[in-house]
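You will see two complexes here that share subunit A, one where it goes with subunit B and one where it goes with subunit C.
On to the complex of A and B.
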């Protein structure tokens, strides 16, 4: 360790190296579960530093854990084997928009929301909008392939990445893709690395595709007494030729939680609220809105409201934004899942979740991106209550099984990290998982980069207790 | 070989095995260069046959070359090392649309245009539209990640693939992705395999994302006396908030070729014709059309025509479709490239192509997908004329260099295959190419599946002579 420190101090200025217990503790957790002390934290701001560090790490066989702002809900940046945490959040100075090419080029520490704000100055838009966009880095979003409400119409982070600069696990600097929209020169390493949760390389620069900002947006809200009817309305809208920018759902438990937390006048006796944002040409939106109103009536919505201006629209979305802070007021621990099903299976998934809630007597709240089948079942609990947490673990396991049985997936946008690793084989099969592992092994033969993520250890089980 | 034949006849019905010289010759070439006789051709129609065959091929160390309809422009299916050609084109019976999930599930031999035709019956659209869509298989499109004019607004094949069933090079059957739009469960093998040119696995089923069919489309054409002005008009349109579905260009040489081939009344003294298709809400299109007209006037277009109905629109697109058949009437050999540059570099690329045309005295025709920087420089020549072909080889090499120097790529949509392999390191660097090779080696340790593609052999050069 001393020899390693000596070598590190040759390549990294001392002001960027942190070894005190307090500093190390600050980097020991993220927004998921568990706490693991790294041996040191290094703040990096250029690719050469990262390249040299990774070469050293291979020589000394010490794990390296890249990290943005630590907002991961799946344990992505947790230093589960100790070693070095590489704090990328300070490398936030580069954000260039090239309007003629319709691209942005960014450094990994830039906050995601900033990219869209800059793009808007040129009449452009960076569509991916994870709820954490104002506090999470684009580097973290790239590692996890983050989604968000606009995923329905616009897709996720990966759909907007056309080029990367990456330091490989062995410290080589490579470029993938470029500034062109079309590129079929060899294997698509860009899309392999995006979403690989920092296990295949450290992204030092990304080229992101931008699109013209739609000229108008409009928000509407519908209240349903029957959850199943709301599910049917969603299906009908999506097959009627309309593709809303966002289509979000809040179940009764979310509505009650928000009203208790901050009274907004939401109908606490309703089984579901649907929130829709349309964007595009103003006249097209107007027509789509009428069509959606008819569909809502057909499926017995008890109330439909159309925001008359941006302020009113914001107030509707405020209810959705408050769900997360509201539910942690009920009990201190939130187990936030993102199991995703094919769109047509949304009503079935709601039924399954209801059964799981009753079977394990857990406080299960459901909200999320209804339009693309990416629900967020959240279980509210208290991690100090062992008996309760055992029930929660069983409920979570059954949520994953339900999603996979309905033809869905463990994770729509949060990533596998440490928490979902035990369930990988259930979805992928042994051979599918093996093909992924082979890539990790041949790219990172010493298993230096973010080890302990994605791939389950022998016999690994979900444990949410401390 | 005899022992292998004996083993094969145990797993494949004899009617699906072809060994006569005539049959083997039919599978020895594609739409690119060169001819290589396979030792046998096997038509397969299910994954179990393919799995067993690949296991045998590994035992006997014999190469396997998957093939759709053989329309590749880069040599994708050529059996360069002999061995077995796997004809997938007969496996064309499965095409199911799931309108509630907005997906289609298809077998590899289905013709691409058929998918869109079936989707339209449900008010949906499968956007990728390579020019060969009526004759090429979806399997081939997936292997090459095919593009097309609609790539400008809608992206390419890869953007629509959410799940695959694949037989690995060693004969294991795996599933990647699924039926959900969002999926971050482990590495994105789906997008790694799509575009890997049949070197990483044989796709036996694909789940494709569909989108609502736009309610209206409109076509317009503009004539320019000055190529550079047309390039500026393209940039202005794209940064004005309008994203056309298609934006195609034909240079003067293409215009003349088409007029000589089939007189359509095109202006043979014009330097460029731009063809645009807008789609979306009828009122939005109307407004966009007016804006584009203004831009055309600003950049000195000498004539703008708007198709009054679908028939007139078709006649405009006919000109673009005739370019390929027209130019091969001039000379028998067509070297079709797809070097792609960032959108803002389109005028520079035109300038470079002009210089290359003069420097090597080649018959260079330029047309293609102007809106996304994916031009198609085609050199018309006669492959029996060795002196000319040497000049052509040099010109092609310089086209690749120009594209890479302008921040672009060797191939936007045709693939690397055999033809562009020698130039891979120029674009990717040694380390980038090595990371790709590692994946091939660990997935296909015996180098059974489509060997001789993408990765250059030591000292390999472009040779277009027979």
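On to the complex of A and C.
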């Protein structure tokens, strides 16, 4: 270690190397579960530093974990085998918009929301909008292929990346893709790197596609007495020729939790609330909103409200925003899942979740991105209560099973990380998972880059207890 | 109680579990922005408190991260799960305070500051009077010219140059304890004069009374009131903070008032949290809660009474630097701005990130001078971008800090900092009833 320290201090300025116990504990966690103490934390600010460091780590066999601002819900940046945490968050100075090319070129530490803010100055938009966009770095979003409410209409992070600069685990600096929308030269390594959770390379620059910013938005709130009806309404809208920008759902447990937390006058006897946002030309969305209203008249027991202005729209979205703070008032620990099913299976998934809630007697709340099948079943519990956490673990396992059986997936937008690794074979099969493993072995022969993620250890199980 | 469990209690270990480590506090934390590492973020600090409670680190590992915290509590406003960061911070300060092996001189000077000066009206008056003497006698000019103050310990010289002109001792002593509403009385309020406000910003207090009476309030000033204890609580001296709080509660219980008004954002926040301070104390918790339920900032009362007109034009563009504790703890956000918009001026222009702490933070700018100046410099950049020539604040510490910022930027000729109350008086506040 001493020899290594000497080598590191030759390539990294001393102010960027943290070794105190307080510093190490401060990079031992993310927004998911578990805490792992790294040997040191290094803040990097250019590709040469990263390249030299990875060459060194590869020689000495030291694990390296890239980290943005630690908002991961799947354990992406956790230093599970000790080693070096690479804090990329301070490399946030480069953000250039090229309005004529409709692209942005960014360094990995830039905040996701900042990219959109800058794009808006040119009448453009960077659509991916994870709810943590004002905290999360683009590097982290790229690694995890993050989504967000706008995923329904606009897709997720991977749909907006056309070029990358990457440092490989062996320290080589490569470029993938480019600045053009069309590009079929060779394998699409860009798409391979995006969503690889920092296991194949460290992204040092990204070229992102921008789209024209829609001039107007309109918001509707629909209250359903019957959950199954709301599922049918979602399908009906999506097949009517209208594609909303966002379509969010809150189940009865979320509604009650919000009302208890901050009374907004939500109907607590309703089984679901749908929030729909349309964007586009003002006249077009006016017309589309009328059409949606018409569709709703076919359903019984639904009440519809359309926001007159931005302030009223904001007050509707406030209800959805308050779900998270409201539910943790019940109990402090929040196990937030993002299992995703084909849209037509949303009602079935709700039924399954209801059964799981009763079977394991857990406080299960469901909200999320109904329009794209990406529900967020959240279990509210207390991680100090071992007996309860064992039930929670079983419930989570069953949620994954249900999603996969319905033709869905373990994770829509949070990533696999440490938590979902044990379930990979269930979704991909042994051969499918093995192909992924082989790719990892070729890119990272010494397994130094973000080890312990995506791929399960022999006999690994989901553990949420500390 | 065994000591491990005792330590967990004092560190509010249970409260740390309410943090889900989402990181939403990072972008609003001034020290995370300037110090650029997770140990200087709210999430990092909460985690370290938890680690100390679990005996994974030592108290000394926690000291720097806690001491560098401004205590602005912007993180509480940003927190989606309502973690009570202020409580965790004060618990950590108390534990560190007790763990520290202090030198004899440090003990004596601290005891002088916290036990003698801040609670004592006489001391505060003396400081005010000495400052007045110092300014009027020409010593200030001489000291400034010779640069002596630059060599003063703790950079006090820097702050000394931005102190306001003080009234003579004669007018200071002359204040009666009841001021009647001009015109018909709408409410009766008690006024917390605040120790620093009363000593150094006496004029502002006089203006506060002036505005309140013009707005239709009878103003009572109980003479037994004392320092609110904010600085004591923030330094981990909970016992002292409690005994000061008791004196204030007793002083105001004797008076029949609708509201208890203050004009210092930081004090207001502490007064509002007396209930929290006495949690679990059967007798005092109720009394403290009664007291706290009446606490209002001056801007709240003036907005609610809505009885003032502003007759004189103020020359310049106005911007507002709110006090952190006023917005993050008292949750008073709109009232000062709506008052400022009523003033005839060249307009009100909002500062980018105005909610971000200016780096004053109690005595932070004295004990962590360099860190504080880095935070101030980024604040001044935003202030300059507004092109405002009047920076309005609502707390004495912020006011001094903004004055210092103006001086650091060399803008003394074109920009000034002023307390909200003073600007309202300057803008010719009169009772509306005179017109109708």
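Everything below uses one rule, namely that the second predicted complex is superposed on the first by the 465 of 466 C-alpha atoms of A that agree within 3 Å, B and C clash if a C-alpha of one lies under 4 Å from a C-alpha of the other, contacts with A are read in each partner's own complex, and residues count from 1 in each chain.
Following the convention adopted for this analysis, contacts are C-beta pairs under 8 Å (C-beta built on N, C-alpha and C of every residue); 3 or more make two chains touch, one makes a residue touch a chain.
Remember, it's a predicted structure, so these values are computed and weren't measured experimentally.
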item: Which of subunit B and subunit C A:436 touches, first, second, both or neither; value: first
item: Which of subunit B and subunit C A:141 touches, first, second, both or neither; value: neither
item: If touched residues of subunit A are counted for subunit B and for subunit C, the larger one; value: B
item: First, second, both or neither for A:51, with subunit B first and subunit C second; value: neither
item: Touched partner set for A:230, first subunit B, second subunit C, both or neither; value: neither
item: First, second, both or neither for A:325, with subunit B first and subunit C second; value: second
item: Partner chain in contact with A:103 - subunit B first, subunit C second, else both or neither; value: first
item: Subunit B - residues contacting subunit A, complex; value: 98-103, 122-123, 144-145, 147, 151-152, 155-156, 158-159, 168, 172-176, 178-189, 191-192, 194-196, 200, 211-213, 215, 235, 238-243, 280-281, 283-284, 287, 340-344, 369, 372-374, 407-416, 420, 424, 427-429, 431-436, 438-443, 454
item: Contact set on subunit A toward subunit C in their complex; value: 18, 20-23, 25-31, 43, 69-71, 87, 90, 111, 132, 134-136, 324-325, 328-329, 332-334, 382-384
item: Partner subunit A, residues of subunit C touching it in the complex; value: 17-18, 20-24, 26-27, 36-39, 41, 43-44, 47-48, 51, 56-57, 61-62, 64-65, 80-82
